[in-house]
Structure formats: C-alpha cells, structure tokens
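After this come two complexes, each holding chain A, first together with chain B and then together with chain C.
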Partner chain A sequence: MQLTREDIIEELKSILLAADDKNADLVETCTEDSVLSTDLGLSSVAMLYMVIAIEETFDVRFDDVGMDDFKTLGDVVTFIEEHAA
Partner chain B sequence: MKWLPGECRPGDMIRVRLGSIYHYGIFVTEDEVVQFGPPPVGERAPDEKIAVCTTDIEGFCLGNIVEVAVFERRERRFSPEETVARARARLGEGGYNLIHNNCEHFAYECALGVSRSTQEEDARRRWNSRPILDIYLAAIPENVEGTVSSPARAAELEKTRDPSLRAQRLLVWQVLEYAIRRSLGVEPEDAKLKRDKFGKWSGKGVYVSLSHTPRAVAAAVSNGPVGVDIESPRECRRLEAVTARILTPAEAEGFPSGDAEAFLEMWTRKECVYKCRGGKYFAPGKIETSEHEIKTLRLASPSELILSFCGDKLAAARLFEYDGRLARLIPPSAQKEVER
Partner chain C sequence: MKTQSAEVFRKYTTPETFARIREFDSVAAMWAECVKQYADDVAIVDEGKEYTFAELERDAALLRTAIAAASDAPRVALLAANSYDFVKAFLAIATLGRCAVILPPQLDAPTVFGCCMKYGAGLLLYQPALAERTAVAESKVALLPADAAGETPTPAAEVPAEAACCVMFTGGTTGRSKGALLSNGAVMQGVVNGCYGYEDVFSQRYMLVLPLTHVFGLIRNLLTSLYTGSALFICRNTKDMFRDIAAFRPTIFVLVPALAEMALTLSRKFGRNMLGEDMKYIIAGAAPVSPYLVAEYKKLGIDLFPGYGLTESANLVSGNPESLTKPDSVGIPYPNQEFRIENGELWLKGKNMMDGYIGEDEADVYEDGWFKTGDLVRLDDEGFLYITGRIKEIIVLPSGENVSPAEVEAKFNELPFIQDSQVFEDVNEQGAHFLALEVVPRATELAGVEKDKVGAFIMAELEKVNSALPSFERVNRIVIRDSDFERTPSMKIVRYKKCN
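And then the complex of A and B:
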C-alpha cells in the first residue's frame, strides 16, 4: 500500500514516542514544519537511534544522505515517501 | 576482542567515551591519532565537512580515559604497520555518514578490514527488541464489511448470528490484523494465532488481547503478555447491584457503592488482568487489583470509554485511534488517567 504523508508523519510520531517516552510533549506539538535541530532538539545519540528506527520501520537506508540534508520533519517525510519500498 | 584502558602502541585501535557515545581512532604516536572527523562534542559539523584527519592524543580524548582494543590471537587483523599505513592513506577522505560511515567504521576498516559500527548494531538490536504494547481503538461504523485472514476466526464469525455482536467481532479482528502488521511488523498469517484450551488467543512471540462493546472495539498487541478491556459508561445498567460480588474484602472497604462508573472501572481492571494471565475461569472476586500494575483511562474518542490494560511491557504503552485506514497516536493529553 502506498504510504501517504499523513501515514508517515503518524508513524514518525509513534517512533518518537517509542524511542523515548520523554518525547511525549514533542509528539503533541510536532508537525511537518518542525525543525529537527531546534524544535525537536534531539541529541546526537537520540538522532542516531531515531534514524535507525526509521530505517527499520520503513525499510529505507540513509546511506547517501546525511541528517544535515533534512531541515524539517517534512523533509524526512519526503525522503521516506520517495524511498520506502 | 575487548576494550581495556591502557598504554597505546602504534597501530592500536582506540576509543574514548564522550557522553553516551564512543569516538574511535587509530593511534600512531602521542602526536598523531588518525580519526574520521573531530570528536563529536559541541555543535557537529555538516557531514560534507567531516574528513579523515589527525590530531594529538589530547585532542582525541579531551581529557577522558582512552581504551585500547585488545584482540585475541585467533582474530585476524592487520599488523600495526599495515593499520597505520591504511589509516594514513585515507587522510582527507570524506563521505561521512552518522549511521553507515562514521569514525567507528573507519577504525574497524583500518585495523580489521571490516567496515562495522557496533554502536549502530546495538541501536538496531535495541530498536528491534524494544518493548511494545500498543492498543488500537476503533469506533464501530454503521456497516462493518470485509473479511479476516484467519480461517479459525472466520469460522467463528460464521457461527455468530447476532448482527451487532458479529460486527464487533469482525471489526476487532480486522483492527487486530492491522495492529499486528503495523506494530510488530508481522503479517497476520505469519503470527499463527490460535486459541489455547481456555480460549485465549496468542501466536509465536505475539501476544494479543481483544475487547468490544456495541460502540467501540480495542485490540492490544505486545511482545509480552497483555490484557485489555473496554466498557462504555453509557451501557452501564444497574451493574452496581453485583459490585459486592466482584470485590475482594480489601477492595470493598471504602468502595463507593452505587457508583456505576467506579464499578465499571474496577470491572475493566479485573478483566484485563484475567485476559493477561489467561485461565479457565474469570473469578473477579479473587483478583486483587492492587497487586497488579494496571492503567485505567477515560477517553472521549473514538467513543466515550473506560479503558484498562496491563502487561509486562506496560511502560511502553502507546494508544492509537484507527479509522479503518489510518491509526493516529492518541496524544497523552487526550488520555485522562483514572486514579482510585
């Protein structure tokens, strides 16, 4: 089934919550416009864990892109939309 | 191979703990450590600016204890001279990637000829074995259509004559199949769900629990025992008359008799414990709820509900509302916890 942007953002929210229950507040407020480095404020370890969780969940690989290529959560959604199997 | 604090020798693969991650490099001399990018502290440089470079041991460890990789005799690794040559040959090289090509991949490749990151592997393992307890709730639409993939369940549905009950049983199973696929990443057919001799459904490493009312259904999936129960306060009819029969003596003390909602909360708490444990009979009067960790919530959507659930992975619980196509996370602010 083709994933819609809404499907992806909902899954990303649930990954955020599963990665760390301290992210509960983030889940309430994050949108496609949330800026990863400031609005989400994830540490480098949290970021590593999140990226791996996204790879495992959507069956994608972030090997030819860096996290710097993503400014907002919406950019991550676009990448998944284009690369998910 | 193990990591030990100790004196560094030329060609050693070394690492230093910085916060909660390790930084890796190849030791040449006190004045020359080859590393893929500077230690990750402070603001991280953009990936394209990170390159294989040298620093002195102080610049590498930033005052932290350096650990040295100690290999066992049978482990194949490059000689110290070869390791140094391999590291130096890559000076200036870019292509850094936090997950797939970081300082640890570089050090392993120089010393062992294998590109790997144990930190990446650990994170992947941690994610794939993380505790999961997800509860999916759905309102019952006017017409419930479609089928289920489980032949055993389909046969049971065939025998259900009452249309309302059939709709509840069909929908809850459809929600369960969605939940197994989405939360556990398993196809429902592969979960091989079967009933035990007391009627409780489970599969290989897949734990499930179901509950339905005329207005809504709940399906819980987990990688540990789980129990869920929902009741609609609107359906509550004089159930308080049997309150005394479901309470243990300790629970009966101070219980607000005649309070139908308090009764329903207690009922869902007992039922979810029974569903989690399984067994021949549901004997609510013998379940001391205070001995179990149970979460009881009041929800306004998908319909007005009292929800109780328990399970080994309770701390990881997430709630979703499923509309037949998409499940949305129910934000913690919409979950009103009941404390009695």
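And then the complex of A and C:
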C-alpha cells in the first residue's frame, strides 16, 4: 500500500512525540515547512534518534545522506516517499 | 589524603575473576600477554571482518617494521577514524615504545600540520581515507599510511612504565584544547580500572560507538576490551548501532548518558529492548548520569554503572558498583588513586595521572604536586564520591553567598519528568541579579497528565522543590523549555553566561 504524505507526517509526529525532549504542542502543530533545527529544536542526539526511528519504521536506509541534508520536515517526507519499500 | 586499595572491589566479582585482574607496566607487556592467552579468539570485528588476537599482532608487527623504517621519531601522530586501522596503528606505535599523538579525525589539513608541529610529531601515520588531510603536513613531517607493512615482522620493544604512551586532547572547561601526556603506567592503570566493580569481566563482547580519540573510547572501550580477551565490534556509523547490536549481540556497552537515554526512548517506541537480550552492563560517563537511567535500565535487566574520570587521569577516577542504592554517586575511587578534598575541590595524584600538558603554562594546574580537578565533591561515610559542582561554575550572589548550579540542578533533576535543567544567574531590566532555572521535561513521564495541564503540573512540582531549598539557593524565575539545551560535541550542556 502506498503511503500518502499525510500518513508519513502522522508517523513522523508519533516518532517525535516518543522522544523525550519534545513538547507535544510543538509537534502537533508542525507542518511540512517546519525547519528541523530551529522550528522543532532538534538537537544532534534527537536527529540521530529520528534517523534510526525512520529507518526502523519505514524500512528505508540513510546510507549516503544524513539528517543534516534535510532542512524541513517536508524534505524528510519526500525522501521517505522516494525510498520506502 | 587517602589512597584507594583494590580490596574494596573484591566483593563485586568471583574470587577467580578477581585473581585474574593484574597490573602491567606497559601496553606492550599487556598486549604480549593477551596474544599468548587469547591467540585464536576474536579481538576486533570491523566492516564484516573478524580479526583474532594473533592476526592483529601479525598485522601490527609488520606495521612496526614500516614505522621503524620510515622514522625514528619518538612521537608519532595518528590520524584515523574508528577502524581496524586505528587499533592496529595504535598498538604498533605503543608496542614500539613510541608515543602516539592522537589527532581527532575531523581536523582539517592546516590543523593536522599545526598539531604535528606543536606536539613534536616526526611521523604522521594516517588512515588512507583521510590522505587529503596530510597535504599541509607533507613538507615538514614524514608520512606513512596505516595500511603500510614491512616484509618481515618487528618484535615489540620492552617498554618501561614511565615511557610516554600517548598525547590525548582535552577541552577541559576552558574550551581551548590542550594535549595531555599519558605514560604507559597511567594508561595501564586506566585499563585495569575498567575491570573493577562488576561480575563478568573477561571474554565479553563490547560495542564501540565512542571516538577512539577520547580517553573513554580508547582506554575503557578499546584497551579494556583487549585486556580482558573480549571481542570489540567497531560500529562505523552510529545510526546503524542497533542493527549491529542485533547481529553481534554485545554484553557490555560503553556510552555517554545522552545515547543511553536515546536507546531507552527507541526501546519504548518499538516495544522491545533495542540493546539486545545479551546486554548485561552499560558503563556510562563523560557527563552526569541521571538516576532515572539507572532505574529504567534495571527494569530491562541491564546494570548501568556511572563513573567519573578525566583525560588527565587516563579516564577513570571512580566507578559506581552500587548504582541501584546510590544512583546519584559517581562511585568509589579506583585502586592506587590518591586523593584529597581541599575546600570542597577534588585533588588527585597517583599512577594514572598525566605527566602534564605539552607546551602549556601549568601554574594553575597543580598545587604541591596535586592535580586540581576543578570539580567540587563530597564523600559519604562509605567512601562514595558525589560531584556537587564545578569551581568555575560557582555563582556568587549579590549577597556574597555561593551557589553551585550543579547542586541545585540535581534537586530538580530528581523529579522523574525532568530530563535536564540549568540554573544560572540572570539580570532584570532594573539591573538586579537573580537566579533562574530552565528545564527540559521528559515527555514520556508526563503521559498520565492531561495535556493542557502539563505546564501547570510541572510548574507546581518545581515550585515544591524550590520552596524546600535553602532560601539563597531558591530560583526566582522558571522556564519550561520545548527543546533541548544547546550541547557541546561531547553532549554536555552549553552553560549560559549572562552575567560575566
């Protein structure tokens, strides 16, 4: 089954909500335009957590790219859309 | 002054294991014994390939030949990321009786050259993948790739304990990095210290995610693993560590608290213990360990041991084998550690201490031969150490009273839903100085609280703690953050400096 961008965003929100250093309000109001480092305030450890959780959830691999290559949440959604099995 | 004895650690393991923990003068002497005892056991796993102790010695012996042919410089710079090449190169340098100047692999070419000059390295041994970083050093320093090999093996040298083993970089709290010179005796005390305080010590399976250019990675993770005849899996990319864990099934993990916390979050998210069923121990250090982590890992059947150490002390000063009953302690000092507490500050001497910083003014570093750590501590009746603050972090209030932020933060951090906190001095529009608190909540511990009441709940609980503090330590403003604090590369919180 093909995941829609909305499905992916919802799953990403659930991943972010499970992280300890996140505020629920911030995550629930985030959009595809939210900037990972500033709008979402992701630290380097939180970024690493995101990568691992995304790989585990969507069965994709970030082998040649790192989270630094993504600016917004929308960029991450696009990557998952293009690479998810 | 006190000197610690190894006997205090006897009760934490079996008599057979305790009897096997012995001291060596040098890395060369330890390594010779390892190769004899564990020849056909796996020492290193890297990029899908296993290397036994005998194979690692064979490769190191051929590299010793190449090093000896390239230069007779007493100090050899090593530029390599975590890899089999790093391990082989470090062993080759140390077993030749030379001193390894360990360069962080992220340094650019001009800085690599600058470090070779500053620390007097006459030869630069580099991982072939990092060859371009040698471009500036090339004209002044002899170069040798770490995959070089002579035709015939060169035997290891006899190396005395006082011979220099390595130069390690330390940021300290002043920020500017310094090179700490560690002797073979100091490094070996650090390696042996890693064997005390837990039951299953020898023939374990270790994971490596920490940088080998840091003492915690080099000494506690790599060298203690080799010393104990254990196998070390080199995780090349931290994001793959859980896949690597599933394949390698490690029993011991040396970690910084931030990664230990992340592993816990992922385990909750995916409903299984991401560290694997074989994991027995987590050795956590390099930053303060929250008592919450000790308790949560115990539920997964994993013992988490906090410790305390410095680059200047060849990593380990103390370790806590009783973290369940004393979760906020950094433990008991390791054998041969001489220490005293002067005006609350921990002063150190002993076999594990560095021989000084290279090329630095050391006037403020020592007093009467004691290394001044800058850490404020207290000792309980059973000999357990507690870090209560940093001297440089002390806030002197307008009233003249001294406040240790770490001590006040520890009170707030006892709340399970507080992940981290920072107490600092701020100034209002009228120019009055006051104490402020910022906290990062731990969302998972707030699941039971109605969403629109979370803020008020946290605030009320923090106020309860605040009002129980001595009046001069009470904070005047509290902010609940919605993101983590800014952190240094070693995951320490960057402290606010609003009133300097």
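We adopt the following convention: the second predicted complex is superposed on the first by the 83 of 85 C-alpha atoms of A that agree within 3 Å, B and C clash if a C-alpha of one lies under 4 Å from a C-alpha of the other, contacts with A are read in each partner's own complex, and residues count from 1 in each chain.
Everything below uses one rule, namely that a residue touches a chain if its C-beta (ideal position, glycine included) is under 8 Å from a C-beta of that chain, and two chains touch if they have at least 3 such contacts.
Just so we're clear, the structure is a prediction, and the values are computed from it rather than from any experiment.
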What is the contact status of A:Leu40 with respect to chain B (first) and chain C (second): first, second, both, or neither? second
First (chain B), second (chain C), both or neither: which does A:Glu82 touch? neither
Which partner does A:Glu56 reach: the first (chain B), the second (chain C), both, or neither? both
By the touch definition at the top of the document, which applies to A:Ala18: first (chain B), second (chain C), both, or neither? both
Who does A:Leu48 touch here: chain B (first), chain C (second), both, or neither? both
After superposition on the shared chain, which partner residues are touched by A:Glu6: those of chain B (first), chain C (second), both, or neither? first
Touch test for A:Leu26: chain B only (first), chain C only (second), both, or neither? second
Give me the intersection of chain A's contacts with chain B and its contacts with chain C, in residue numbers. 17-18, 21, 24, 43-45, 48-49, 51-53, 55-56, 62
Show which residues of chain A lie in contact with chain B when the two form their complex. 4, 6-7, 10, 13-14, 17-18, 21, 24, 27-28, 43-45, 47-49, 51-53, 55-57, 61-63, 66-68
Quick one: which bits of chain C touch chain A in the complex? Just the residue numbers, please. 238-239, 242, 258-259, 261-262, 265-266, 268-270, 419, 440-444, 451, 454, 481-487, 491
Give every residue of chain A touching chain C within the complex, in rising order. 15, 17-26, 40-46, 48-49, 51-53, 55-56, 62
Which positions of chain B touch chain A when the two form their complex? 19-21, 40, 44, 46-48, 96-101, 119-120, 123-124, 126-128, 130, 132, 185, 315-316, 318, 320, 326-329, 331-333
